[in-house]
Amino acid sequence: MRPMRTARTALLLGWRLHRAELVAVMIAALGLSIAALSIAAALDQITADCRAATVVVAPCGGLTEMGQIYDSATNTQMYLAMQGLAVLPFAAAVVLGVALVAREIEQGTALLAWPLARSRGRWLAGRILPVALIGALILLVPAMAGDVLIRSLYPGVDPGGNFEGYGIRGALLVVRFGAVLILAALVGAWIGRQLPALLVAAVLAAGLGIGVQQVRPYLFEAVEQPQSIRFIDRVGNSYVATRYRDADGRWMREEDAWELLATAGDRPGPDMPEEVFFAIPRERYPDVVLRESLVLVAVGGLLSGALVLVISRRRPG
Amino acid sequence: MQRFELRLLIGAALVLAVAMLAIAGQVRAVRADELACLAAAPPAVEGSTDGRCLEFLGARDLLDRATLATGAGALLAPFVLGLFLGVPIVAREVEHRTAAIAWTLSASRRRWLVGRAAPILVAITVAGLSVGMAGEVLMRSAPWNEGVDASFDFYGSRGPLVPARALAVGALGLAVGAVVPRQLPAALIGGGMVIAFAIGLAVVTDEWMRDATVPLPMAATQGAARIYDMGVQDDATGELISLDEAYAEHPELMETGEAPGLTMIAFVVPGTAYNTFVWRETAILAGGAVLALALATLVVRVRRP
Amino acid sequence: MSGDPVLTTRALAKRYGRRTWALTGIDLDIPQGGITALVGPNAAGKSTLIKTWVGFERPTRGGVTVAGIDPWRDRAGALGYLGYVPQSPALYDQLNVDDHLDLASLLRPGFDRGYARARLDELGIPADRDARSLSGGQQAQVALALALGTRAPILLLDEPLASLDPLARREFLHVLTDAVRGDGATALLSSHIVTDVEQACDRLIVLGVGRVLLHETVAEALAGHAMRTDGAASSGAIGTFAGPSGDRVTLVRRADATEGDGLRQASLEEVVLGYLASGRPGAAEAAA
């Protein structure tokens, strides 16, 4: 079979074998993208109204030039859409990944396919690559819609240099999808039954999602934020830590600072600790995205090795 | 046939229930110690509690977070239990091609379905019940509910709603699995239907709440009640206006929370309405479960194995 | 391949769990060419034996080779010589017949799609028919076509006839025999229906309680055995079982048997039954 024809056949078969799951992912991706874009349009209108208003202070229920929205309905919708975009790559990968191997084993088709393939690694590549490609293409749409949403929420800030909406937009959605897809396939191969594998993979994917959030502060060195920094200059920075400095300029323990602040209550004195924020500057956004992507690619590589090992050893039924 | 899922999910539900009870116990213990400390320590400033018994702050913070986390788990538990245990009852049988033999061995398909589904639905309900009861205990132990009898706090994470939701979702999963005899697509479709149903129920509940609200000045809101919405009352005319309208006419209200001649109002659903809401929703869920079970029975009787 | 045996086992034993031995020390050499029937009752170990050659089961003791290759050490190498038809083949519900051929072409370099397609056309199985709507016989034929399309020199078929009606079984065996004779391939076909394989097979292996009870050509098996029906004790007795009319009959080796009026020609099924009876506990005493 010629390479182009092979690729086309592989994609077509991948689509047919996972049509239900791919359609579900498409519907979710499209729905969230439409939601994000319509909210972006609403935010753009709020911004335009604000700019046109003669009264500067709280003119019109929305201050998107400052990344704040007082339109509670839009605020709620935006919150839900952002949560959905954050969860989408994980959910899509779990649903698609689990079916890759677990369904073959559960339905008994592995008995037919594995001997045909000679090499199980080859079989695995033939199954996982088309689904990964189709899934990645689907996720490009919400990835771009997320960028549009953040641009509308923060009109004065370049989305490429803005940590706001981190993980709900851009290439990171696709990279996260890829890593979790391999994880879900591994779980499916290990357990060999779709629904139990779905449960376990969902829990592990949630763990991975929490893990990548915890890792972010370590991906780039945070810098101390000047006390006098303007709002417009600090929006988009990634705040990773808060420390306290005593009146002599020495760093103090958080518990000691809280105790002093709690004791002072409404009557703070000159010896009160100074709260100091550390943030990764927003200009470093591309670097952090790249580094997280590399971490995920490394994790994906390890998981791929484990997946090949599990499938090689596994009985097909 | 569903040994793995039953052990995992029922086990997880029981662990959650035990965790909630343990947290409730700890909350009560820490609170008792804290109250004893406050009673023993003289206030730094007359009438102030600042700066006293700070050693309990960390434990309380941790327990508050544990309370909220397990409460969230109790909210999700019925959906996870119902979906992952309900869907495979029929769908796995058909997908594994064992339906043909199972449905011919049994005297009737209805008898087969009852034999397979009943134990699992009972297990789901019992697990939901244990989580619901533990949620009730946890809610009452939360420090912000001290002295409160009727409350909307932890709505959906406690009491009869938990097993009712679990059973309803289980029945729905069973029906979807019978119609779509492939486990993963059935789980996805079932999940989508549950989300749609939950949104619909939220809309209906919202209407009930709107109908049950009572306007009260912000200062007079009870801790037990649920604040449905906020508004502003014109002191002169007594007219109630929405917050958005008030902000538009009185921009200073957004900055300071105050404006001359206006009083902030909370539209409150009294805590005493909680039971009414719970039993209404339980009745809707029970009706839904019966319909789903009827559909599942019909589909199993007529479908090809 | 040279004249060496294409499939071998050496002291092969396979245990499931802690105590269940599916195979207990099997030595086999299957020569190149022809169709070998692997016959035995349920739980005799036929599927387990075939699966060790395919690389699905790892031997607990001993070893197997496929064209001289250990499938557990070099699975890809061994599978390169094999075409496999599983028991109750599960085709992909979401795919049609043509899609299955496409899948096989993707998975197996050198898959002869045209050859497989031609086999299915001869049987009138439409290319665009969904797999789930095919009859059991048609599904078995599709699985066979996929195996034949690999043009592998060795075919392993695990009870492919079990769920087929007589006409479908005949068609299946006809296609298999044609292909094997035409390509000079070697086939091993497991079944518990002896009458079906009698016409198609050249060699016979009888497997019982995890052991090889008989391994001969069909011609040798028929010529070398007889039935004693008079109930008299006989040297060379192998196993006693109930005949069609309920009387006890004994399979004997002609070379060792005492001639007499009670001897008659044994059918292949009776040869198999006699050896299976010999494999039962206490059967040796009963036969003597």
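A, B and C are the chain letters, set down in written order, and residue numbers restart from 1 in every chain.
Everything that follows uses one rule, which is that a contact is a pair of C-beta atoms (placed from the backbone, for glycine too) under 8 Å apart; a residue touches a chain by one contact, two chains touch by 3 or more.
Every value quoted in this text rests on a predicted model; they were computed, and no experiment measured them.
Note: the chain lying farthest from chain A is C, by mean C-alpha position. Distances from each chain's CA mean to the overall CA mean are smallest for chain A.
If you average the CA atoms of chain A and of chain B, the two centres end up 27 Å from each other.
In terms of their C-alpha centroids, the spacing between chain A and chain C amounts to 54 Å.
In whole angstrom, the spacing between the mean C-alpha positions of chain B and chain C is 59. Residue positions of chain C with contacts to 2 or more other chains are 90.
Residue positions of chain A with contacts to 2 or more other chains are 107. Across the complex, chain A is touched by residues 4-5, 8-9, 44, 48, 50-51, 54, 57-58, 80, 84, 87-88, 92, 95-96, 182-185, 187-188, 192, 244, 247-248, 251, 254-255 of chain B. Every residue of chain A that touches chain C in the complex is listed here, in rising order: 1, 6, 9-10, 12-13, 16-17, 19, 107-109, 111-120, 122-123, 126, 312, 315-317. Of all residues in chain A, those touching chain B in their complex are 20-21, 24, 55, 57-61, 70-72, 95, 98-99, 103, 106-107, 191, 193-196, 198-200, 255, 258-259, 262-265. Residue ranges of chain C in contact with chain A, taken from their complex: 54-57, 75-76, 79-80, 82-84, 86-95, 99, 102-108, 111, 143, 146, 150.
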